[in-house]
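Letters A, B, C and D mark the chains as written, and numbering starts fresh at 1 in each.
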Amino acid sequence: MAQDTGFDAPTGPEGSSLRIGVIGCGRIGRLHADIIARDVPGLALGGVADVVTAAADGVSAATGAPVMTIDEMLASPDIDAVAICTSTDTHVDYIVAAAAAGKPIFCEKPVSLNLAEVERGVDAVEAAGVPFMIGFNRRFDPGHVSVRDAVAEHTIGDLHLIRITSRDPAPPPVEYVAVSGGIFMDMMIHDFDMARFVAGSDVVEVYAKGAVRVDPRIGEAGDVDTAVVILTHEDGTFTTIDNSREAVYGYDQRLEAFGSEGMAVSDNQSVHYGRTFTKGGAIAEPLPWFFLDRYLPAYRREWEAFRDYLVSGGPSPAGGNDALQVTKIAMAAGQSMREGRAVRLTEIS
Amino acid sequence: MAQDTGFDAPTGPEGSSLRIGVIGCGRIGRLHADIIARDVPGLALGGVADVVTAAADGVSAATGAPVMTIDEMLASPDIDAVAICTSTDTHVDYIVAAAAAGKPIFCEKPVSLNLAEVERGVDAVEAAGVPFMIGFNRRFDPGHVSVRDAVAEHTIGDLHLIRITSRDPAPPPVEYVAVSGGIFMDMMIHDFDMARFVAGSDVVEVYAKGAVRVDPRIGEAGDVDTAVVILTHEDGTFTTIDNSREAVYGYDQRLEAFGSEGMAVSDNQSVHYGRTFTKGGAIAEPLPWFFLDRYLPAYRREWEAFRDYLVSGGPSPAGGNDALQVTKIAMAAGQSMREGRAVRLTEIS
Amino acid sequence: MAQDTGFDAPTGPEGSSLRIGVIGCGRIGRLHADIIARDVPGLALGGVADVVTAAADGVSAATGAPVMTIDEMLASPDIDAVAICTSTDTHVDYIVAAAAAGKPIFCEKPVSLNLAEVERGVDAVEAAGVPFMIGFNRRFDPGHVSVRDAVAEHTIGDLHLIRITSRDPAPPPVEYVAVSGGIFMDMMIHDFDMARFVAGSDVVEVYAKGAVRVDPRIGEAGDVDTAVVILTHEDGTFTTIDNSREAVYGYDQRLEAFGSEGMAVSDNQSVHYGRTFTKGGAIAEPLPWFFLDRYLPAYRREWEAFRDYLVSGGPSPAGGNDALQVTKIAMAAGQSMREGRAVRLTEIS
Amino acid sequence: MAQDTGFDAPTGPEGSSLRIGVIGCGRIGRLHADIIARDVPGLALGGVADVVTAAADGVSAATGAPVMTIDEMLASPDIDAVAICTSTDTHVDYIVAAAAAGKPIFCEKPVSLNLAEVERGVDAVEAAGVPFMIGFNRRFDPGHVSVRDAVAEHTIGDLHLIRITSRDPAPPPVEYVAVSGGIFMDMMIHDFDMARFVAGSDVVEVYAKGAVRVDPRIGEAGDVDTAVVILTHEDGTFTTIDNSREAVYGYDQRLEAFGSEGMAVSDNQSVHYGRTFTKGGAIAEPLPWFFLDRYLPAYRREWEAFRDYLVSGGPSPAGGNDALQVTKIAMAAGQSMREGRAVRLTEIS
């Protein structure tokens, strides 16, 4: 019984796994399908669907799961929950349809680039009372979780400051940038979520600066590639964030919380731990380049968390309000950057 | 064409993967079957076999590969190579049979606890001219490989010293210890292989000390649980090794090469890189506990190396002579410990 | 010959050291006197002066240098340069007097809490053409210098971001806070200097947030104890800074520069490098608590730099314009925090 | 009252510091004189002596302490203890003379290269009942002490293994090597002392291997430059040690203790903690090159320990038996290397 939703915990066939239907078989959909099919006890891949049939066929061949149309999947009694992994602009329509069909929903982030759309999706979920979780994979990274725990368990006392650095190894294609919603909605949204996740306190004000330093074509596409932000939380904590679209030394992902009794840090890991010492110094490996080298364990834990949420209920590991809040923060950041002033979240609607 | 063996490179059906047959479906066999089936482009799992049919059935169910008898597998034109993953005492019989059947062979370490048996297996392989590789997984760990490369590429100049620490998180069952061949044959054999692999020079002398410090029952079983060894290589390099059957802080695996121009180190990795700083100090995670948390990438690379060896030929990544040498070193270590003196490898036969 | 100043390089008695007179024998004056007397080849302690004679007597007893009045020191042909180590509010008067006396000047930071006063001091120095250096000790920390060098030598390409964390182990007495000029002028001024030093580019805009989180009495004294700032440099680089008056785990001093070709980091050092690994994890030492445990080498290098500057001329390692700029940044930060908006340096006068 | 010696604690003039007379004003004597004169509360430099008067004059000029003859020093009521810092072959004669004069003695290591001489010195000290401490500076390194404490306080449970690496940045002059007593007596003696210090258990057996790898002239001088040793302690603990006369990356000093409940490590420290991350990896500083960069704090703590030992009594921080034991271990190591077998300490006399 999912206590907070009043929704009956879905169960698969007697004694067997919960069957997940994956909607959208692009890069992230294939990843999720693969993890569900192979790595998570208690979950099974019940079917795959994509408007491009060939994409679904490929995942089906690799996993053995049947291809379905989306309508078939939502209607099927053999599908216990759906994972929405389509392009962002279609998320909310599928959320609404899945909620209407009474299916528990896992949805990739971001729910939508448009606040009204996020609200429409969240309203549909709440009206239907179905379990709903957003794929904020960093909430399941063991290092980041250890920082959150150090705050939640008061190991570092009262929280004063959070410091987040996220830098991608290389920028996405300019065509993607143009439709991405911008750096705050597309990239820093993960950090906004981390700030709320670690602090356990909502954000009330945002100040943002951005610049085009990596590639002028990103500027021509109307976006920035380098950004710094100060968030002020309801409890008085400050979060500083910096983002860059290109860190040539690898995928740089660091998180730090500082409080009255200490500091908790989630640091980068190296590709491997071989080092060479010569007259010129000590040389170690650069950081991992590929996001999965850092976050694959987090993607697995994400599905364990979804499974446990379906089975045991309780609050969503990353629910509708989380989507609303980070969307507002991203919008406030964009407005702050454009207007050159701090923007309060109450201004966003 | 495998140049060193005169063996024609096996090819799967036109344009497709090499089909591996796994003999022995215990823990390590299942691991290999799983990796072959899912993770290595160019390899496919052609079949699984076990004298205990139920074991093979389980792996078949998980991977979709057909169950065969061992005789069927060796006779099948649909099997391009075999992986021998049975209990150690049966390795050589299967090597001989597979060699007779003309199948390329991957064999788990150790080939045998008995030198004459190792020789019998190696002789059969050489007579048949089939590719042969032993599963010394550490040869494929990226950190350890970086140390070997620093020696081979002369980054650290002339090699003078190697230092190896291997400590298991917990001792095996005493019943296992009794039939394991002892700490030198069962555990330190990996380190003997690393010493030869890193140095690129054979071992000529061994001095060993051992003691029962972890568990008196290990002593009652005729073995030691704590050992230190000095190896002298043909080129004058010294290697020191220490082993313990129980490191409560995790699976401790370190390797260091020191030479005239520097030092190369392969260090442990942490479970994750979260840390907490308080008045009392900085607290980090212990080491991984489970050997796969450390060496899973090495097991994958091992199969890539086997594939490349089959396709491109060249010397085996870990061949028959490697098995002979480490068996002799382990025997010399045992004799040294018992007799309280250095033992030269020329004494072993 | 000090090229930039047109001032003749001072020389001590033939072949001997430059004789420094220390004005002000409090904590920092004693430290400088001790370093000059013992640790810097080419420098000698020529005399010590303090309006409180007993303070000067103590330093004289420890170092063997004669006690002088300030007037005597400025008039003495046996004093080649002076170090002004008095309380901040007296700095400029002594700068003016020393400049009038033609003495090269080392002055502790900050020159003054008042911009007009800083200008008066700098004007006097420029009018007299005497060498002038401010005691921004962090400019001489080897780790921080390595970051500056990585930027200046373009090792990390074009600079995009700087990230600075400075946290004191414990807050100063509240009475001190009340007259300190506030966290931006008293503490973060070091970080403003580092930002300019590392970037090699002036700051044009400041956004600051502050809060009282450590001790409410600091708030009652009109100051904050926790602050975050975003600086925008003339070349487009952003710097984020966070400060806290109390980090219970020690003196936390970190600096990072990020650019198109990489990242340079100056990290904390530990009290020592002993660690313990047990079932519960790996425990290391906390950070040094005392600022000299971190920066004593920097204080020594600072005097070497002053000596070299006197002997060889060239631009000051930390000159009058540096003092003016950081004072303006600190003022802009205070105004930004009070008014809740970004403040441009052109607004400050 | 020095309890263990029956010797009355020396006291300086009422309320003032203990006055140390330094015998021998070479490199190490100057270092000790400087530390005593400046850095240790409760100690004063009472005088300096050297058979080469000019050497004493230099130290006197730098410290202000009077020059004395050695006879004057031993007879002076103004000298409370002596520090013997002369060449090794003269140590015992001065020990005997100082003991006869009733002066507490600090003696640089090694006491003598000759066991009978060590015994003569120790006998004289015991007969006179004067406090006696050997300058084993590593016993006072904070990192090494933390390892000893982890053993002594049972933080890591029962001790099983010790692992020591000591490598010098560059070999000494060949002329020095010829009279040094050899690598075991000159260099590894520090590690033998560390093994006993950390284990708290005597060594009963030694196995040693040595080779000439760094410089053939060291071999021509009758010594080796590369050595590995296994020590067996009375309590069953094994210690492995490796030494090299030349580590081009700096002064490499590491120590590790492993036991039933964990591991304690004393690691190297870096010159500074600046690092650069680029596409090619992360580059850090090499190790310190100069022994004082690593051990200066240990030299200071050594004198604090000598002071406390004089004032409070108790066992010597490094006494006569320690000198005897490490001399025997070094002799056993030499014999083991020459004879190619393990040598028990009971064989040495």
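Throughout what follows, a contact is a pair of C-beta atoms (placed from the backbone, for glycine too) under 8 Å apart; a residue touches a chain by one contact, two chains touch by 3 or more.
From a predicted model like this one, the values you see are computed outputs, not experimental measurements.
Asks: Write down the chain pair with more C-beta contact pairs when B-C is set against A-C.
Replies: Answer to which pair has more contacts is A-C.
Asks: Could you find the chain whose CA centre sits the greatest distance from that of chain B?
Replies: C
Asks: Any idea how many Å lie between the Cα centroids of chain B and chain C?
Replies: Centre-to-centre distance between chain B and chain C: 57 Å.
Asks: Go ahead and note the Å separation of the Cα centroids belonging to chain C and chain D.
Replies: The mean C-alpha positions of chain C and chain D differ by 40 Å.
Asks: For chain A versus chain C, what separation do you get between their C-alpha means, in angstrom?
Replies: Result: the chain centres lie 43 Å from each other.
Asks: In chain C, which residues are in touch with two or more of the other chains?
Replies: Residues 248-249, 261-263, 270, 277-279, 285 of chain C each touch two or more of the other chains.
Asks: Chain C touches which residues of chain D in the complex?
Replies: The contact residues of chain D facing chain C are 38, 64, 141-147, 150, 155-156, 261-279, 285.
Asks: Which of the residues in chain A come into contact with chain C in the complex?
Replies: 157-158, 160-161, 163, 165, 167, 207, 209, 211, 213-214, 226, 228, 230, 232, 236, 238, 240, 242, 244, 246-249, 252, 258, 260-263, 340-342
Asks: Which bits of chain A are touching chain D when the two form their complex?
Replies: Per the touch definition, chain A meets chain D at residues 248-250, 270, 277-287.
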